[in-house]
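Next up, some structures in structure tokens.
Consider the two complexes below, in which subunit A is the common component and subunit B and subunit C are the respective partners.
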Partner chain A sequence: MDQISESKIIGVATRRVDGPLKVSGAAMYASDHHFPGLLYAWPVCATIAKGSIANLDSAQAEKMTGVVAVYHRANIGKLYRVPPAAGMSLILDEKRPPFEDDEIRYYGQYVAVVVANTVEQARAAAESVKVTYNRDKPDANSKLLGSPLTTDKPEEKSKRGDTATALKSAKVKVDEVYTTPVETHNPIELHASVAVYDGQKFTLYETSQAVVNHRDVLAQMLGVPPEQVQVITRFLGSGFGGKLWPWPQSALAAACARNLNRPVKLVVSRQMMFQNVGHRPAIEQRIQLAAEPDGKLTAVQQDYVNHTSMLDDYDEGCGEITPFIYSTQNLLVTGGLARRNVGNPTAMRGPGAVPGLFALESAMDELAVSLKMDPVQFRLKNEPEMDESLNIPFSSRHMKECLTVGAEKFGWSNRTPQIGSMKKDGVTLGWGVAACSWLAARSETQASVELRQDGSARVACGTQDIGGGTYTVLAQIVSHETGIPVSKIDVVLGDSALPSGPISGGSWVTASVTPAVLEAAQKASQALLLVAVKSDGSSFKGKKPEDLELADGMVRQKGQAQGAVPMAEVLQIAKVNSVSGQGKSEGTLEDSKPKYSFHSYGAQFVEIGWQPEIARLRINRVVTVIDAGRIMNPRPARNQIEGAVVMGIGMALFEETMYDSRSGAPINNNLADYVMAVNADTPQIEVTFLDYPDYNLNALGVRGVGEIGLAGVAAAITSAVYHATGIRVRDLPVRIEDLLPMPKVNIA
Partner chain B sequence: MELFQLVTAKTIPDAVKAQAQSATAQNGADVRFIAGGTNLVDYMKLNVERPRQLVDINGLPLDKIERTSEGGLKIGALARNADVAQDATVKEQYAVLSQALLAGASPQLRNMATTAGNLLQKTRCVYYRDTASACNKRQPGSGCSAIGGYNRMLAILGTSEHCIATNPSDQNVALMALEAVVHIEGKNGQRAVPVSEFYLLPGSTPERETVLQPGDLITHITLSKPVVGAKSGYLKLRDRASYEFALASAAIVMKKDGDRITYVRVAMGGVGTRPWRALEAEKVLMGKAATEANFRAAAEAALHGARPQSQNGFKVELAKRCLVHTMGQVSQIA
Partner chain C sequence: MAIDEHENEPKTSLGRLTRRSFLSHVGAATAATAIAPLASSSASAEAAPTEAASTKIPGTVPITLRVNGQSHAVQVDPRATLLDTLRETLHLTGTKKGCDHGQCGACTVHVNERRINSCLALAVMQQNAEITTIEGIGGPENLHPMQDAFVEHDGFQCGYCTSGQIMSAVAMVKEPWGKTDADVREAMSGNICRCGAYPNIVAAVQAVRRMS
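Take a look at the complex of A and B:
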């Protein structure tokens, strides 16, 4: 593959091109869209988690001021199921269309929707719809290992060697169960759908991390051809995976608009965010590790079970990283799903890897303790030469350097391993470390680039910027290829009518768009050179296009600054408004026989402060070293890692969606009772990028940084907690009560 | 939220008269005073509070913080939490109150929330907030979902079989330790109620939280002249570093003569169904040396009657450590 190592803009810290729009409030988020005659929809949510609707009485609600309609199973109109997903299309987690039957399978399931002139009227009327239920006892039990699964036995995810024998004969072993609770995404921007229907075409303003897939799904659900649906997400107030796939409110808003022939806005409430739009599932993982006394791993086994909903199969994939992160002859990963009366789980930042690495890296720390080995040295000792699960080389792996550079920056050599042995200003310190990894990939992408007579360029791709800096990345790629400054490049994203782009998931947008946008920019440049050699009045008329180039925004003889003509002038002389080029790149995801193992790597070093006298645990500092290929734009990249680390602190210490065991309701369904890290919890965070280009992935050697920063953080924290307190917390989050010498259950 | 009427009270008697139309001043009141609105409006949105009328009292002249002729402090009902917390006299002479206020909520909320509103702050019990759940406080006789449910945050002192909801305020814990007096104007004129008598235990009527009667308007609170030489402090323990209700908190006022404790007031938050004054702890400490052992004995006494639930047993030990640590901190400056 081509390698582009020199660039004036790639790798240069560049301000976000969409920054001014965001800070001035001009950026239009889904729910900002307003249209004449717009109506507001408010769903009615089931107040049971299992059972069926006995009666639904909307008579009173229908009479209320401003109410236009109340829809439910009998009158919502046809909503179809979607055929099974094919590649990156037709994906959705909750496959049952809303109101399809009268059965209730999770708390908060939509049973009706009220449409009214104002949102207050719609909400008040929704609260007046009287629903009676046949109530069954729900199952939201978080005990998962040993539960009945959706399959006869756990599915084998990865296997090599003879793990059972190796574990049996092991000299040093760890065998523990780790649990992670339900986590709710909670981006500040609520999920929202604004549906406009003109009698034939639907224009849907959505909170979507994947507008093209959203279009395909909604076209199926509504029973219309894809060209009659357009999905627009210009800006997203983040999603963390929760907005990857369509949720039922989108179909409801579209169906209401279809029924009424008027625009309809439906904004999900914060309470509904805990019920109706996915979550990271509850997970239990048993990890068994075996090693020789010298620290060489001999066996790794991971058995996980995650909960899923009653109708759909969401697999968290906790074993994604396990097969290749360390060298071991014997390995087995199994996974299973257990049904519960919960809304469907979905991907949350770093799905699989993040909870999987909490368990694996915690177990690695426990084994290091048993071996009396330094946890950094222990990991270095088990560094693999190749991806042992696929028997292929790593494309670009610098895990060892992440660990050694991190150790150096953190001051790890000053660590004394004895529990509670490190103190500063009367506070007990705990130091912990964890390794991390996340996949690198490309997804099939199309893009177009236009070069215009006014000297500007336009790049368009049907992907989205969910806050990570994608707008700026596309501008940088075009700027690199054409020399046109970033400030003169319009980036158009977030519209399913644009050339089909990647989902904003998997941290693969940057890697995916790079080849397609480069190709589109090259083709646009070639088109420009053709104009230059064919136009009357052009100083290049009659020359061969292959002898010319577009550099620094000027057309010139290859390598000659003299005689260069600005792009705008070339087009003006030719009386041509613009030239354009299309680019298309294949994905790596569908590659059944990959030549390389593509992943990013990192190391997390954490210092916690522990004050037993007041049972106060705080994170003092975090050092993160990331090997994620060449860093396209260090500013938002650092921002991604820092944000992920803060999210990791929340995962380790605070976040847990509590289901009431009797009602099945997620009961702490608001931002006060669902505790996340706040600014005051944010420690000093030092981020280092190793910045080794991965040219096997694309010509710029870029991968992605959206998720890896979260992986490993929780394990590094619980290992640090162990170092300070001697208490190993295997059930997240770490609570004050875990660290007090008190019985956890003490019923009055 | 249900439709309601908003009226503006021009005078205190106006306000009293308007609220006196309500059958109760407690949970379920159909006429409510509104000041900062930081608590009431939330609960109206959730349909937990469904007043038919709101009486806006923000125009009443009740926002002053001023010295009393006896050398104490008078804090108007409408004085904003942020203003009280930053008041020079409060910071210097009633430090525990300033610290408690700053430990609560967020700057934005403190800018709006008022002294009297904070006195009447509702519990944060998740079942009280959820109209689909049984809750004796919200709907008398419906049952208590918290007992046997999610009760990690809830009370271990002053509970009953009908209610275990925690009083969530920080301010009120400090007011307990400062022995504040609540001044009320009602249908039958003015009266003064010590804050220790202002709150009711839930017993079999958890919907009744205070002694307020229909028409009662809190006009101000008073703090008596500071005890010469006494020092005070507040410590709040919680999961995250900010913007969370207390798991346990302590407000201590203490004076020493040499090493001997000659004056002490002990109050706790996050553990009681009302802001909790620990008279037993004070008895243990009075006249004793300010030692960790005595602090521990006082803390044991304070938590003697604790009745933990399925998830909050840790609060017993946490509250003790909170008390011991705060007593130690205050004793060092006293």
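Take a look at the complex of A and C:
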């Protein structure tokens, strides 16, 4: 593959091109769109988690002021099921269309929707719809290992060697269970759908991390050809996976707009965000590790079970990283799903890898303690030469350097391993470390680039910017190829009518758009050179296009600054408004026989401060070293890693969605009771990028940084907590009561 | 502006709608609820209510709000929060809804120069107040120093909580806080950023504080 190492703009810290719109409130998010005649929809949510609707009485609601319609199973009209997913199309988690039957399978399931002239009227009427239920006892139990599964036995996910024998004969072993609770994505932007229907075509303003898939899914559900659906997400108030696939409110808004022939806005409430738009499932993982006394791993076994909903199978895939992160002859990963009366789980930032690495890296720390080995040295000792699960080479792996550079920056050599042995200003310190990894990939992508007479360029791709800086990345790639400054490049994203782009997930947008946008820009440049040699009045007329080049926004003889003519002038002389080019990236995701194992790597070092006398646990500082290929734009990349560390602190110390065992309701369904890290929780965070280009992935050597920064953080924190307190917390989040010695009380 | 923000979009802003296109699309009876007009200039501050405001919509009451130095005579549902009125009636959508419970800070605006959560205020109770929203602080072409600092220090990712962060920050600079980063972190902890851009938010706020 081509290698582009020199660039004036790739790898250079660049201000976000969409920054001024975002800081002035001018960026248009889904629910900001407004249309003449707009109506407001408010769903009615089931107040049981299992059972069926006995009676739904909307008479009173229908009479209320401003109410236009109340829809439920009997009158919503046709909403179809979607055929099985094919590649990156037709994906959704909750496959049952809303109102399909009268069964209730999770708390908060939509049972009706009210449409009214104002949002207040819609909400009040929704609260006046009287629903009675045949109530069954729900199961939201978070005990998962040993539960009945959706399959006869756990599914084998990865296997090599003979783990059972190796574990039996092992000299040093760890065998523990780690649990992670339901986490709710909680982007600050509420899920929202604004549906406009003109009698034939649907224009849907959605909170979507994947506009093209969203279009395909909604076209199927509505029973119309995809050309009659356009999905627009100009700006997304992030998603963290929760906005990857369509949720039922989208079909409801579209159906209401269809039925009434009026635009309809449906904004999901924060309470509904805990019920109706996905979550990271509850997970239990048993990890068994074995090693020789010298620290060589001999066996790794991971058995996980995650909960899923009553109708759909969501597999968290906790063995995502386990098979290749360390060298071991014997390895087994199994996974199973257990049904619960909960809304559908879905991918949340770093799905599989993040909870999987919490368990695996915690166990690695426990084994290092048993071996009396330094946890950094223990990991270095088990570095693999190749991806032992696939027997293929790593494309670009610098895990060892992540650990050694991180140790150096953190001051790890000053660590004393004894529990509670490190103090500063009367505070007990704990130091912990964890390794991390996340996949790297390309997803099939198309893009177009236009070079225009006014000296500007336009680049279009049906992907999204969810906060990672995709708008700026596309401008950088076009600027690199054409020399046109970023400020003169219009970037158009977030529209299913554009050339099909990647989902904003998997940390693969940057790697995916790179080849497509480079090719589109090259083709547009070639079209421009053709104009230059063919046009009357052009100083290049009659020359061969292959002898010319577009550099610094000027057409010139290859390598000669003299006689260069600005792009705008070339087009003006030719009386041509614009030239364009299309580009395409091949995906790596569907490659059944990959030549390389593509992943990013990192190391997380954490210092906590523990004051038992006032029961105060704080994260003091975090040092993160990331090997994620060449970094396209260091400014937003650093921001993403820092933000991921902040989310990791939430995961380790705060976040847990709790279900009432009697009602099945998520009881802490608001942002005061579901605690997320705030500014005051943020420690000093030092991020280092190793910046080794991965040219096997694309010509710029870029991978992606959306998820890797979250992986490993929780394990590094619990390991630091152990180092300070001697208490190993295996059930997240760490609670202050976990760390306090409990008096023995005999309850008679 | 490098992003072609409104390409392929149907008309979304009130400014680009004529009364005719508006009324031809919807019945006149529903017109006033669908959109209430912005008063055209500050000169009309105490002027008689505009046409739509005088159209009686069932369940709504007439009020006058003073936002970003302009008066707006509008019909609102008496239950309408200041937040929903700004967004749905005045179409000042820079102010965001994140929780509707005063827990996230995305809806922060200034009322009489103090920062408040507009989701916890009823519109009908703000008739004598001077309300400032993010649109009143600065636009994309004329950024306020705090807005510019947020761009320069990358104090956001998705941008959704950003209006609230900036409204909080602009007010916070005038509040009696200490000088340290820890003070800023404490003062800004009512504004949740799920993207976790906190280190850069602190950097932006401190840059502006050092300037003044």
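Following the convention adopted for this analysis, the second predicted complex is superposed on the first by the 742 of 748 C-alpha atoms of A that agree within 3 Å, B and C clash if a C-alpha of one lies under 4 Å from a C-alpha of the other, contacts with A are read in each partner's own complex, and residues count from 1 in each chain.
Convention: contacts are C-beta pairs under 8 Å (C-beta built on N, C-alpha and C of every residue); 3 or more make two chains touch, one makes a residue touch a chain.
Here the structure is a predicted model, which is why all the values come from computation and not from measurement.
Undergrad: Should the superposition on subunit A be reported as showing a clash between subunit B and subunit C, or a fit?
TA: They fit side by side.
Undergrad: In the superposed arrangement, which partner chain does A:E737 touch: subunit B (first), subunit C (second), both, or neither?
TA: first
Undergrad: Quick check on the superposed pair: does A:A124 touch subunit B, subunit C, both, or neither? Answer first, second, both or neither.
TA: both
Undergrad: Thinking of the overlay built on chain A, is A:E613 touched by subunit B (first), by subunit C (second), by both, or by neither?
TA: first
Undergrad: What is the angle, as a multiple of 10 degrees, that the CA centres of subunit B and subunit C span when seen from the CA centre of subunit A?
TA: With subunit A as the vertex, subunit B and subunit C sit 50 degrees apart.
Undergrad: If you tally the residues of subunit A touched by each partner, is the higher count for subunit B or for subunit C?
TA: C
Undergrad: Looking at A:T203, would you say it contacts subunit B, subunit C, both, or neither? Reply first, second, both or neither.
TA: In the superposed model, A:T203 contacts subunit C only, not subunit B.
Undergrad: Tell me the contact category for A:T416 with respect to subunit B and subunit C: first, second, both or neither.
TA: A:T416 sits against neither subunit B nor subunit C.
Undergrad: With both complexes superposed on chain A, which partner does A:A680 reach: first (subunit B), second (subunit C), both or neither?
TA: In the superposition, A:A680 contacts both subunit B and subunit C.
Undergrad: Classify the contacts of A:E189 with the two partner chains as first (subunit B alone), second (subunit C alone), both, or neither.
TA: second
Undergrad: Applying the document's definition of touch, where does A:A672 land relative to subunit B and subunit C: first, second, both, or neither?
TA: A:A672 contacts both subunit B and subunit C.
Undergrad: State the minimum pairwise Cα distance, in Å, between subunit B and subunit C in the overlaid complexes.
TA: Between subunit B and subunit C, the shortest C-alpha distance works out to 5 Å.
Undergrad: Shared contact residues on subunit A for subunit B and subunit C?
TA: Touching subunit B and subunit C on subunit A: residues 120, 124, 670, 672, 676-680.
Undergrad: Please output the residues of subunit A touching subunit B within their complex, sorted ascending.
TA: Touching subunit B: residues 47, 120, 123-124, 127, 613-616, 618, 653-654, 658, 660-663, 665, 667-668, 670, 672-673, 675-681, 735-737, 740-748 of subunit A.
Undergrad: Would you mind writing out the residues of subunit B in touch with subunit A in their complex?
TA: Within the complex, subunit B contacts subunit A at residues 1-3, 47, 124, 126-127, 129-130, 132-133, 145, 148-150, 153, 159, 235, 237, 239-245, 247, 307-311, 313-314, 316-318, 321-322, 324-325.
Undergrad: Which positions of subunit A touch subunit C when the two form their complex?
TA: 15-29, 31-38, 40, 65-66, 117-121, 124, 186-190, 196, 203, 230, 232, 234-238, 240, 262, 267, 269-270, 458, 466-469, 471, 475, 486-492, 495, 497, 635-636, 638-640, 642-647, 670-672, 676-680, 682, 685
Undergrad: Quick check: in the complex, which residue numbers of subunit C touch subunit A?
TA: Listed in rising order, the residues are 1-14, 17, 21-22, 25-27, 30-31, 33-35, 57-60, 77, 79-80, 84, 87-88, 91-101, 103-104, 106, 133-135, 137-141, 143, 147-148, 150-152, 154, 156-163, 166, 182, 184-186, 188-202.
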